[in-house]
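The structures come next, written out as C-alpha cells.
Two complexes, one shared chain (chain A), two partners (chain B, chain C).
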Partner chain A sequence: MTQALQALTTILIGLGACVGYFFLSNRLVDVIWPPRGPNAGRNINRANMIRPWLFLFPALFALGLYLGYPVFETLRLSLLERVPGGGYEWVGLENYIRMAGEPKFWEAMRNNMLWLLVVPAASTAFGLLTAQLTDSIRWGRIAQMLIFMPMAISFVGAAVIWKLVYDARPIDQDQIGILNAVVVGLGGEPQTWLTVPFWNNFFLMLVLVWIQTGFATVILSAALRGIPEETVEAAIVDGANPFQIFFKIKVPQISTTILVVWTTITIVVLKIFDIVYAMTNGQWQTQVLANYMFDKLFVANDWGVGSASAIVIMVLVLPILVWNVRNARKEME
Partner chain B sequence: MGHNKTPAAMPEITLASRGMVDGPSGPKPTKRLSRRNIMIYGILIVVSLYYLVPLYVMIVTSLKGMPEIRLGNIFAPPVEITFEPWVKAWAEACTGLNCDGLSRGFWNSVRITIPSVLASIAIASVNGYALANWRFKGADIFFTILIFGAFIPYQVMLYPIVIMLREIGLYGTLWGLVIVHTIFGMPILTLLFRNYFTSLPEELFKAARVDGAGFWGIYFRIMLPMSLPIFVVAMILQVTGIWNDFLFGVVYTKPEVYPMTVQLNNIVNSTQGVKEYNVNMAATLLTGLVPLAIYFVSGKLFVRGIAAGAVKG
Partner chain C sequence: MSDVHYGPSGVAGQKAILTWAVHISVALLVILWVLPTLGLFISSFRTADQISTSGWWRAPFAAEQVLQMRTAAPDTQVQEGDLYVIEGNVMEDGQAGEIASWGISSRDVSAFQPGDAAELRDGGTLTLMGDGSYRMESDAPFEGRRGQRVFLTAMVPPELTLENYRFMLFDESNVNGMSRAFFNTLTVSIPATVIPILVAAFAAYALAWMEFPGRALLVAVIVGLLVVPLQLALIPLLKLHLGIGIGKGYLGVWLAHTGFGLPLAIYLLRNYMAGLPRDIIENARVDGATEYQIFVKIILPLSFPALASFAIFQFLWTWNDLLVAKVFLIDATGRTTVMTAQIVELMGTRGGNWEILATAAFVSIVVPLLVFFFMQKYLVRGLLAGSVK
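On to the complex of A and B.
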C-alpha cells in the first residue's frame, strides 16, 4: 500500500510540475504582451505566435536531447576508440572493419536476412488467410480475438511460453515440451529443437509469426470489409470461383494495406531482440543484429563495435523509415 | 495506419445498416457441409492449434504441481488444481539473491508505467493540439522531427542515453526509465493527437476564438471533452507498450528496480535448481495480466492502440 501511495505522490508532483510550467509560461506571455491597452491587437497576434512555441519547448528540448543527440553520438562513437589511460581516439572505420572480421556479425546478418524473408511474408500470409476465413464464419470474431491475444503479452512472455513448446528432456524421461510430446506421441525421437543449427532460427521465427499474425489479421480484415461489395458481386455474376475472387478481386484492392502490414512487420523484424535474447541469447548460431549489438555494448563493453552495429541496424531500417515518413507526411498534410 | 483514421469506425456501421434495409429476405438457408466449408474449418482448426495450444498448455501447466508435470501428459487438464505455483511465482521465486518473486517487479512496473503514461499523454496532447490548431511558424519542421522521432529504431539511441543518464545520476534508477519512456512515447502520441485534433471541425475552434477563448480555454473546454476515445487509445498504446517493454528495462535499470518483464526473464533463466515449469508459466501469466485485462475490457480500442503503436521505433 505504501508503494501505491508513493507512486501516487510522484505522479502528483510530476503532473503539478507540468501544469505549473504551462500555467506560469502562459501568464508570462500575458504579462509581457497584455491583450489590452493601445497595442492590444498587435500584442495578441504576437502572443499567439510565441505561445505555441512556449508550450512545445519542453517537448522539443527533450526530443532533441534524447532522440536527436544520441543518434549523432552513436555515429561518433562508432568512429572512436578508447585510448588506454583515458580519452578517445579517432580511428575512422576501424570499428566497422573489426566488426566485419567477426564471424558472429556475419551470422547475425545472415539470420536477420532469413528473418526478413520469412517472418513478414508468413505473418502477412497467415493474417490474410485468417482474415478471409474468419470473415465468412459465425464465430470468426472470437477467433480473431484469440489470434490477436499474443499481441497483448510481452515478447518475453511469448518467449517463455515457446520455451515450453520446445523444451526437451533426456530420451529416457517423459517429455514435457509440447513439440516433443507430439513427436514422441507420433513415434519419433525427441529433439533439443533450439540447438539444431540453422533450423533453430526458424523455430524462433515461429514465435514472432505467432505474435504478429494477430496484428496482420485485424488490419487486413478491416481492409477486406472495406471492399465495395459490388466488385465481388460482379465477379460472382461473371462466374469467378472463390479463389479467383480472393486473388484477383480482393487482394489487388487491399494491396496498399498489405504493403503497410508487410513493412510494419519488417521493421519489427529488423530490430528483433527480446525473443532471441530470452530463448537462446544468440547461441547455437541464432544470433541477430540487435542481440549482437546488446552483447557488444553491455556484455563485452566494446562500445565501438556496438555502436557500429547500431548504425548497421539504422542503415537497414532507413529505406523503410524514409518511405514511412514520406507516407505519413503525405497522409497528414 | 490506425493513427490517421477519422475517430469513429464508420464503414462497419454503414455496412450493418445496409444489410438491415435491403438484405436478403425469406427463410434462412439450411447449412450444409460443402467441400469448401470442410476446407475452411480444416484450415481454421490447424491454425487455431498453432495459436491456441501454447496458450492452453500455459494455463494448464500453471495449475499443476511439479510431480504431476514430471509424469508428462502435458495436454491433460490438471488432476488436482493447485494455485501454489502462482503464489510461488508472485512471492517466492528467486532471481539471483532476491527471493521475493515477481511482486517486486510488478510494483516497479506500476511505478514506472503510471507516471510515464500520464506525463507523456499530458504533454503529447497539448503538443498535438498546438500543432493541429495553432498554425505557427516552424510547425512543419517540428512535425517532421516528430515523424522521424516516431520511426527511428531505438537501438541507435540506446548507448548515448546510458551515458547521459549516468551523468545526471539517474542511470539504474526508476526515474531514469520513466524519463526514457516518457520521451520515447511522445513523438508517436503527438502525431496521434495531432491527427485526431485535425479531424475535428475547424469551425469549433474558430468560433471559440471569436468568443475570446484562449489557448487553454479552447483546450480544456472544447478539445478535451470531444476527445475521450483518442485519450483511451493513447492510454492503451502507452500502458501496454511500457508494461511489455524489455529492452529499456534491461538496459537502464538495476536489479532492485527491474520491471516485471525483466524479472520474468531472470526467473525463467535462473540456472539454479530444477526447472519449475509451473512457476514459469504462472509468472508469464502474471506478467501478462495487466495488458490482457486491458485487452478484454477495451476490445476494439485496444486494437487501434496497438495498430497506432506498431510503426514506432
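On to the complex of A and C.
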C-alpha cells in the first residue's frame, strides 16, 4: 500500500515538477522580455532565442546524464583498475589485453557474431515471407497479429516458454517438451537441447527469431502495401510468375525497409542479454557479450574488464549508429 | 482459339493451387508461432502430476495415471459371521474413470486386474472392482490405524485447475508468491512510462517547430542516442546513484528508465509533430498565441496517437525489463524484486516445477498481452513511425 502511494506520489511530483518547470520558465521569459512596450521587437527575438532551450533543457539534461556521460565514463573506466580499498589506478589498455586473453570472451564474440548472422537474417526472411503470404488472404490480419504477439512477451517469459519446448526427459518416460516429443515420435532419442555445445546457440537464437519475426512482418507488410499497383500489374502482363513478381519486382522496391528492419534487429541482437541469462547463463558455450559483461560487472566485480566489454558492444553498434545519423541528416535537409 | 481457351483455365488452376498453398503455409506458420505460448498457458492450468507425466498437448484427453489410494481404516470393519469385512470405494467422488489395473505394492502397481482378489500380507484378501469399490475379508480382525494402500492405474479424465494461480498469487505462505513482485513491477513501470512523455513532448515540440541554431545537429544526436546500448550506462550510473545517495531503489530505476526511454520518445514525437499541418501553427502564431499555448492547446492534443504509441512501447519495455531492474532496483534484501527477476530466480531454484514456472510466467505475461491486444493499433503505428526512417 505504501508502495502504491509512493509510486502515485512520484507520478504526481514528477508530473507537477515537469508542468511547473515548463510553465514557470516560460512565464519567466515573458516577464524578463515582455513582448510589448518600447522594445517589443527586440524582446520577442530574444525570447524566441531562449525559449527552445527552456523546452529542451530537461530532456537534454537527462539524455546527457543518462546516455551521453556514461559513454565517456565507461570508456574512462575501461582504462582504469579499481584498487582494493577504494580509488582507481590508470592501467591503459591492460583491461582489454586481459579480456583478449580470456577464452570466455572469444566464445562470447564468436557467439555474438553467430547471432548477428542468423537472427536478423532469419527474422527478416520469416517476416518477409509472412508479410507476403498474409497480404493476399482474408484472415491475414489475424495471422499477422498472432505472429506479432510474442513481441509483447518479455524475454524472460519467452525463455520460460521455450524451456518447456526444449524440456527433455529420460527416454523411458513420456516427453513433456514438444520438441523432444516430436523427435521421439519420429524414432529419435530425446536430447537436452540447451547443453549440446555449438548447436545450443541456435536453440537460443530461435527464441529471439520467434520474438522479432512479428516486428519484421508488421513493418514489411506495410511496405509491401505501399508498392505501386502498376509495377506489379505490368509484371503480370509481361507473364512473370508469382515468384518472379515477389523477388524481382516487390523485394527491390522495399529494399530500404528491409535494411531498416535488418539493422533494427541487429541492434537488438548486439544487446541480447535476458534470453541467455535466463536460459543457460552462458554455460555450455552459449556466452554472449552482454551476459559476459554482466558477469564481469556484477558477479566477478571486475569493473575494468566489464567496462572494456561494454565498449566492445558500443564499437559493434557504432557503424549502425553512424549510418542512422547520416540517414536522419539527409532526411532533414 | 484453343490456345486462348487453354491458357486462362490453366493459369486459374495454378492459381487455385497457389492460393491453397498460401492458406496452408500461413496456417502452419501461425501454429508454429502460437504453439510454444499455448503450451505454457495450458501447463499453468495443470497439476504438477499432470505436467510431469504427460505433455501439455495431452491435456484435453483422458490420461492413464497411477493413483495412490487407501482403503478405509480397520476401525470401520464389520463382522459378517466369521469374517471381518471392510467395504467401500477408493475413488472419492469418482475423480478417475474405469480402473485398468491395480496393485498393493509400489513395486508392482498393476499386479491385478479389476475383480481379482489379492492376498494381503497380514492375511485376508482384497477384491477391487473396476469402479473402485472394494471388499476386504479376513478371518482375523484387521489391525493397525490406517487402511491398506492401493495403487490404481486408471484413465483420469482431463482436468484443468486454477489452483496454481491461487497458490502463486494469493497464498500468503508461499515464499515464491508473485503478488509482491507483481506490484513491484507495476510500481516500476507506471511512473517510468508517464514521466518521460511530458519531458519528451516539450523537447520534441522545440525540435519540430521552433527555429534555433543547432536544431539539425540535436536531432542527429538523438537519432544516434537511439541505438546506444544501455549496457554502457550501467556502471557509471550505478556509481552516480550510489554517490549522490539515491542508491538502489525505485527512484533510481525510474530515473534510469526515463533517461533510456527519452531518445525514442523524442524521436517518435518529433517526427509526428513535424508532420502536423503548418497552417494550424502559423495561424495560431498570427492570432497571438504564445508558444506555450500552442504547445499545450494545439500540439499536445493533436499528438495523442504518437503519445499513445510511445506510452505503449515504454510500458511494455519497462514491464518486461530485467537488466535495468537488476542493476538499479533490486537490492540484497530482495523486497523490491520485479517479476522478471523472480521468474529467473525460480528457473534456477524450481527449474523442474513447471506448474510454478508456467504460472509465474503467465502472471507476468498477461498484462503486456492485454495491452498488446487492446492497443495494437497504436503499437503498430509507433513501430512504423519509429523504424521507417
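Criterion: the second predicted complex is superposed on the first by the 321 of 333 C-alpha atoms of A that agree within 3 Å, B and C clash if a C-alpha of one lies under 4 Å from a C-alpha of the other, contacts with A are read in each partner's own complex, and residues count from 1 in each chain.
What we mean here is this: a contact is a pair of C-beta atoms (placed from the backbone, for glycine too) under 8 Å apart; a residue touches a chain by one contact, two chains touch by 3 or more.
Everything numeric here is computed off the predicted structure, so don't read it as measured data.
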Message = Using the superposition on chain A, tell me whether chain B and chain C clash or fit.
response = clash
Ask   = With the two structures laid over each other on chain A, which partner does A:254 touch: chain B (first), chain C (second), both, or neither?
value = neither
Message = Let me test your reading of the model: by the given contact rule, A:288 touches which partner, first (chain B), second (chain C), both or neither?
response = neither
Query = What is the contact status of A:225 with respect to chain B (first) and chain C (second): first, second, both, or neither?
reply = first
Query = With the two structures laid over each other on chain A, which partner does A:272 touch: chain B (first), chain C (second), both, or neither?
reply = neither
Inquiry  = After the superposition on A, what does A:235 contact: first (chain B), second (chain C), both or neither?
reply    = neither
Task = Give one of first, second, both or neither to describe whether A:321 is in contact with chain B, with chain C, with both, or with none.
result = both
Note = Shared chain A footprint, chain B vs chain C, residue numbers 3-4, 6-7, 10-11, 14-15, 18, 22, 26, 48-49, 51-53, 55-56, 58-60, 62-63, 65-71, 73-74, 77, 126, 129-130, 133-134, 136-137, 143, 145-157, 159-165, 167, 174-178, 181, 210, 213, 215, 218-219, 242, 260, 264, 267, 270-271, 273-274, 277-278, 290, 293-294, 297-298, 303, 306-307, 310-311, 313-314, 317, 321, 324-325, 328-329, 331-332
Request  = Quick one: which bits of chain A touch chain B in the complex? Just the residue numbers, please.
outcome  = 3-4, 6-7, 10-11, 14-15, 18, 22, 26, 48-49, 51-53, 55-56, 58-60, 62-63, 65-71, 73-74, 77, 126, 129-130, 133-134, 136-137, 143, 145-157, 159-165, 167, 173-178, 181, 210, 213, 215, 218-219, 225-226, 242, 260, 264, 267-268, 270-271, 273-274, 277-278, 290, 293-294, 297-298, 303, 306-307, 310-311, 313-314, 317, 321, 324-325, 328-329, 331-332
Key: Contacting residues of chain A [partner chain C, same complex]   = 3-4, 6-7, 10-11, 14-15, 18-19, 22-23, 26, 30, 48-49, 51-53, 55-56, 58-60, 62-63, 65-71, 73-74, 77, 126, 129-130, 133-134, 136-137, 139-140, 143, 145-157, 159-165, 167, 174-178, 181, 210, 213-215, 218-219, 222-223, 242, 257, 260-261, 264, 267, 270-271, 273-274, 277-278, 290, 293-294, 297-298, 303, 306-307, 310-311, 313-314, 317, 320-321, 324-325, 327-329, 331-333
Note = Touching chain A in the complex, chain B uses residues 1-2, 4, 11-12, 15, 36, 40-41, 43-44, 47-48, 50-55, 57-58, 61, 69-75, 107, 110-111, 114-115, 118-119, 122-124, 126-127, 130-131, 134, 136-139, 142-149, 151-161, 163-164, 179-180, 182-184, 186-187, 190-191, 194-195, 198, 214-216, 240, 243-247, 251, 261-262, 264-265, 268-269, 275, 277, 280-281, 283-284, 287-288, 291-292, 294-295, 299, 302-303, 306-307, 310-311, 313
Ask   = In the complex of these two chains, what residues of chain C are touching chain A?
value = 18-19, 22-23, 25-27, 29-30, 33-37, 39-40, 43, 51-57, 183-184, 186-187, 190-191, 194-195, 198-200, 202-203, 205-207, 210-212, 215-216, 218-220, 222-237, 239-240, 250-251, 254-256, 258-260, 262-263, 266, 290-292, 295, 316, 319-323, 326-327, 340, 343-344, 347, 354, 357-358, 360-361, 364-365, 368-369, 371-373, 376, 380, 383-384, 387-389
